[in-house]
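Each of the two complexes below includes subunit A, the first together with subunit B, the second together with subunit C.
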Partner chain A sequence: MRLILSLLVAAANLASARPRYGGTLVIETRAAVTALTSPPEILWLETLVAESGPFRVAEFTPSRRLLVIANDGHAAGRPFLDQIEVRLNRSLRDQLTSFETGQADVIELPLTEIRRQQQRNRPIWTSSALDLIALSFARSHTTTQSETLRRAIALSIDRQPILNVLLQKHGEASASLLPHWLTGYGFLFPAQRDLARARTLLSPKPAPLTLSFDPNDLLLRPIADRIALNTRDADIFLRVSTAADADINLIRITGAPGEPGAALNYFCNALSLFAGPRKESFESLHSAERKALEGAWVIPLFHIPAVYGLSNRVRGWAPSNTHAWQLADVWLESAQ
Partner chain B sequence: MTFRTRLLVFFGLAIAATSIIVSYAISLTVTRAFERLDAQRTQTLTAQFQREFQWRSQEVVRRVESIASSDSVLRMTSDLSRPSSDPAPYHDLAAAIAREQDLDFLEFLDPSGAIISSAHYPARFGYKKDWITQPMDWRGLGAFVEIEELPEESAIALLAVRTLAIAGSTYYILGGQRIDKGFLDTFATPQGVRAVLYRDVSAVLGASRYNPPEIEDLVVRIRNLGREASTTVAPWFEAPRNLHGIPLSGRGKDLLAVLLLTSTRDELYQLTWFIRWVALLGSLAGIALGIGLAWWATSRVTRPVHELAAGAREVATGNWSAQVPVTSQDEIGDLAEAFNQMTRQLVEQRDRVLQVERVAAWRELARRLAHELKNPLFPLQITVENLQRARSQHPEQFDEVFRESTATLLAELSQLRAIIGRFSDFARMPAPRFEPLHLGEFLPPIVKLFEPQWQSPEHPPVRAEVRILDSPLTLEADPDQLTRALRNLIFNAMDAMPNGGLISVRAARDNGHVVVEVADTGAGLTPEECERLFTPYYTTKHHGTGLGLAIVQSVISDHGGRISVSSQPGRGTTFRLELPEKHSPNGPPPHH
Partner chain C sequence: MGLLPFLLIAATLSLHAATLEDAARDLTRRMAPSLSPREPLTLSVQTLVGHSIADIQIVRRVFTQALGNRLRLPADQRSSISVTLSQNPQSHLLIVELRGTDDSSSVWMATFETASNEGTANPAVQLERRLLRQQDARLLDLVQTPKGLLTLDGREIALHSQNPVRRLETFALPENTPQSRDLRGRLVVENSTFTAFLPGLTCRGMLDPQWRVSCDTVSTPFLIAPEVMAGFVLQRNFFQHDRFGYVFSVAVIDGQYVIAPAAAKPKLLDSDFQPLAILPTLGSDFAAACGNALLTVTNSTTLQVLQLHERQLRPASDPIDLPGVITALWPSTEPDTFLAITKDTTYAAHLVTARCSR
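And then the complex of A and B:
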């Protein structure tokens, strides 16, 4: 009898572990995709809209919605999911609401939510720390023309407390465009605070500057406030705002590829930096990156992972360090 | 300024001054009454604020104590008291609890004073608040005022601190409420009163930027006194405002802010302006009324004065019989009566003088006529007696005597006729016939007429000179009468110099007149002689009729001029004739 019960439990476990076909996976993202012809901003979206991929585009409303359906004739076989609905241009707050109410299966999570989701046993997918948070100075503003001022700001920022508290120790403090874990030479770009040197660089006292951030990114506001507080210690006054035409922008660049050279190109393109020609070596990469950061028009601050929250019915989510998800292997537990 | 104008000005000023004094007194009384009311109102408000502030303080203390004893805070402090604990998970705790407790400020600080979590300035985690770790009886202190930093500014806060001792370490819980407009709006201030938090104390005390001077003075006074103070701000053409400042001091009794209770004196201002307007209008009306009354009064007072003045002017013009009406029984009436009496006496005295003078003149005329006629009559009598004597005693010589006697009689009769002719000429002076005369041509021949006489050996040597000082010099006059007058003067000059001398005839223009002077270097005249010189029949000469200068004066008077004499005994006499250049038929009468 006990044997029979054990066999029944094992069979039930086996049945639950076996992939099921059908169902609609709902993904929400902040990305506002306006055209499918243009290169997609995020890698996982690329696999959805590829003509020979496991899914075919059924409906696309720019910046609103993308609906893909299973490609029955896919060479690798039909995906488990019938369709995937991607809701575009959704703020983190809206995504959290959808996630909490069961209306979304995959959402972007702010780092501060990781602990709470973990406490609730929600599965989380975390990428490698490839998202770059950096300060970018407006080149056309007269208030930002002083390189010593830009360097003083860079020296006045204490990255480690921000990483420990606001980023909950996810990612790494960085002063280079590429993360240390990817290149191994990140230590060559010092990221330590040197308040005394920052103060010596400032003569005369600079005029107040404005620091803006993307208001839809919940992570950036406290970082911007902390940076303003740090620079105030060096007698540099930054007024935090969400104005478009600010002197300094706190930006977060997501979706960088995992290959160092491609990632550098990606960041340089996003930040309008010129890295120059290079060879396929880390020495050349380092030189190119150093050249790109000349003038301190961009101050890299952190490399953080992208974090996605998964609903409990999502199964088959393959671990990956990059955003190149294998959505054809994903299936939903409750799908009929 | 006339008497009436002076009276009008006096009355007007008196009424205006009275109005101003009365309105000022009313304004002062009303202002003082309002000030008393303001003081009472401010006192009430201050007491109300202090009660409210005390209640808020107790409420802040209660909430902070509640937080300090909450499970979440106990869990946090217990967790952090373990070695290698991570404060990062508690970064947002203060904000969450502050929302629950409705506190504007909440911070959790570790034993070193570093901020674990801040509700009002989340970015300040890790920064230290050194003052909080200093020894202090936080429970005994209660709530206190402090300046708290915010991301964009600083704020005045009513704070309380409580401590939690965990495993030998002390954690701090700091919470409070913001003292701002919302805080002040909860006070039930009466209409016209506003509670304003003046936070720029450091700027005032440091004088680093512009502040209204009244507020600066008030803040400095409050700091020096260490207690409440008041002042009044009175901008031009705006209602004054009362400022009552209540100091908000921090833990160290240092002045952090001032609660300003401002109450407008709008009602007082409007009432004061109303009083001023009423006073102004009353003054204007009073001045107008005063002018009217003064006009009426001064008319009554000055009319008799004017009539007296007119009467005096009439007297001055020669109407000595002028009378003024006596319209009152007061001093002015007495004055008018006295004036009338004076003119009556003047007329009576003038008539008496005229009568006396007329009698005297007749006597003088009779004496002179007798004297003049006696001289020719004596030869006539002698001649007739000679004729009678010759006819009776010497008939043979009668013819010769007759011939000589008749010649003598004829000569004496001629002398009599001449005497009578002179009297007749004086009696009938013809009206002058005016024609232009060039004195440069007119005067020299008159003088030249006498030269043969002066040059005769039996006559004492006389020199003469004619000087025309302004050329050309003309005047309108009767040449015959003027010649006659000048000849008389030259005759007199000759008679005044029995031993010879110099006769000067000078002519010049003087302010619209022509002045002709005839001067001699003779014996001169006494002042008494000068006074009587122009009286008819008065003469200083033994052979004169006393009519010469009377005729001269008559001629000059008929020409609208005047004659005067100046003389010093022993140094000669000068006659001065002033004649108008142009004859004016209606010109002013000559003045003597």
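And then the complex of A and C:
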């Protein structure tokens, strides 16, 4: 009986189809790409505009629209799609509207939207947790010069409730630049809160500090507020603002490559950290990462995934772990 | 991007020790110079990703042997050695952290391989699978001949001996062979001659008495099902047939046709080609099996036999998993045997046999 049931379930899910040619895929993104000559701001865009790539640029209006068409002569074969339209500079709210009215096939979803979309049986694609959320201290400020203060702040943050509630358990709490899933050694960087130790490090009581975040990133505001509450428990007062010249910046770094060494370089470049030379081993990578975090000028907090909503007609979406999509292999289910 | 980044990682960061025990011994050797003579130590071993108790015991045994009588029960003011079995997308990691009484820390790591946990394919009542060949190049079709395995990929036709595995003959397809992103190709062997069918290309050759191949840049129709002639469409992944139009697959069962149109849901047609039913749950790759059933790709890595009953498809076998995405499914010359090509890190050809007895 159980076998029959499993067979029926399997039969109900039959849908393995060979890719179909044709159609236009519509993608919407917050990115405001202003020029295709400079390195594209989002990793997946590179596959669309590469000179000998599977697509050719047919039209580009900076910060508004990119239209690419299939390259019939591509060495690996013509892409399945006829064309891809990328609508640029679209707010998350506008993207969601387009998605729900069937005008976009791929949109960026905030983590807070995942559950609602899942309840509606909408396909969602989630990258591996590779976006880094971290605190970065302003090196030029007199208020941030104390390493013990920086370490006390790190010890006072309670990552797990933030992950559970604000990030809805998407991603991992982390005290390393590279996520544990990618290296296997992330646990060597303790991420647990130790309020007692934080308090012992602080003598005398520090002056209030400012904590800033990108106001366009809806995810960061509540995290900043929560961090300020956490540090208050250790008698460290952070004033949350969006001012440009804050003592501490809460930042999200997106677009890191999926190769550990390259990802470390990427994060170090973005955070002005120096990891030093290393050999090709995880042991060496760990040493380099530890060196980069010496001084606690940067406090890694979370690694979170990028989340995208897909329309029901999108097929062949390569389950790549990172942001680099294989759009040449994507195809659209016909309406019949 | 798929597996590419992780293949690159594997190329750069996979300095594998052969086994867990090797890795553990390697780490005890490398750690030894950092240990003070006769300093009491505590040892803990843990796994983060569900390695077995046996694995933990191996590590504990190796470290216990290496540290000998320096080991003590855990207590404050003692240096500690924490050994952790971990994992990342490329390898298993064995990590040793030596923490001194002054809270200083040193770390060593080694990668290791474990015995494969891959489940058996558990061929169900009727389906059996046998691996015929693996190769790096994009494999399109393979035929077993008395002279060896004849293969067709996107670049060449080749003949291989199986024991030892060796390439006997090869013929490079013309440089301008039209490529498709989902390239399909078919080999048909008759006695000592063969024909390779590709989109926009047909090659004819001889296996015996002398290897000889020549090609024409034309799509030639061939038998894709009994009495159904169709040819590949240039730069596409489907056939063109006079009555069915553009189709991915055609099968004849009980005198009726099952077709997978290139731009519509699969259908059941009667013997006069009139539509009887839409088969919305059927994929686009299938072949007739056991008289009145279809062997079909049910998800990207699974094969299953479905039986037609009152114009609906019902499972007639347990599904079997293949090690990779199934890129081609062709009926073989033997009844109820099929060739399935899969793509994982390499391409592989599998002979699939449907045992039809009830």
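Things to note:
Here is the rule we use: the second predicted complex is superposed on the first by the 312 of 336 C-alpha atoms of A that agree within 3 Å, B and C clash if a C-alpha of one lies under 4 Å from a C-alpha of the other, contacts with A are read in each partner's own complex, and residues count from 1 in each chain.
Here, contacts are C-beta pairs under 8 Å (C-beta built on N, C-alpha and C of every residue); 3 or more make two chains touch, one makes a residue touch a chain.
What you are looking at is a predicted structure, and each value in this text was computed from that prediction instead of being measured.
Of the two partner chains placed around the shared chain by superposition, subunit B is the only one that A:Gln168 touches, whereas subunit C remains out of contact.
In the superposed pair of complexes, A:Ala58 makes contact with neither subunit B nor subunit C. When both complexes are overlaid on chain A, the residue A:Asp225 reaches subunit B alone and has no touch with subunit C. Here subunit B and subunit C are compared by how many residues of subunit A each touches, and C touches more. Applying the stated contact rule after C-alpha superposition, one finds that A:Ala196 touches neither subunit B nor subunit C. Touching subunit A in their complex are the following residues of subunit C: 1-2, 5-6, 8-9, 12-13, 15, 48, 84, 86-89, 91-93, 95, 97, 105, 107-111, 179-183, 235-238, 248, 260, 262-265, 281-285, 296-300, 302, 304, 306, 313-315, 318-319, 326. Within the complex, the subunit A residues that touch subunit C are 3, 7-8, 10-22, 54, 72, 74-80, 181-185, 187-188, 257-261, 280-283, 285-287, 318-322, 324-326, 328-329, 334, 336. Interface residues of subunit B, counted against subunit A in their complex, comprise 86-89, 91-92, 121-127, 151-152. Within the complex, the subunit A residues that touch subunit B are 112, 115, 161, 164-166, 168-169, 222, 225-226, 228-229, 239-240.
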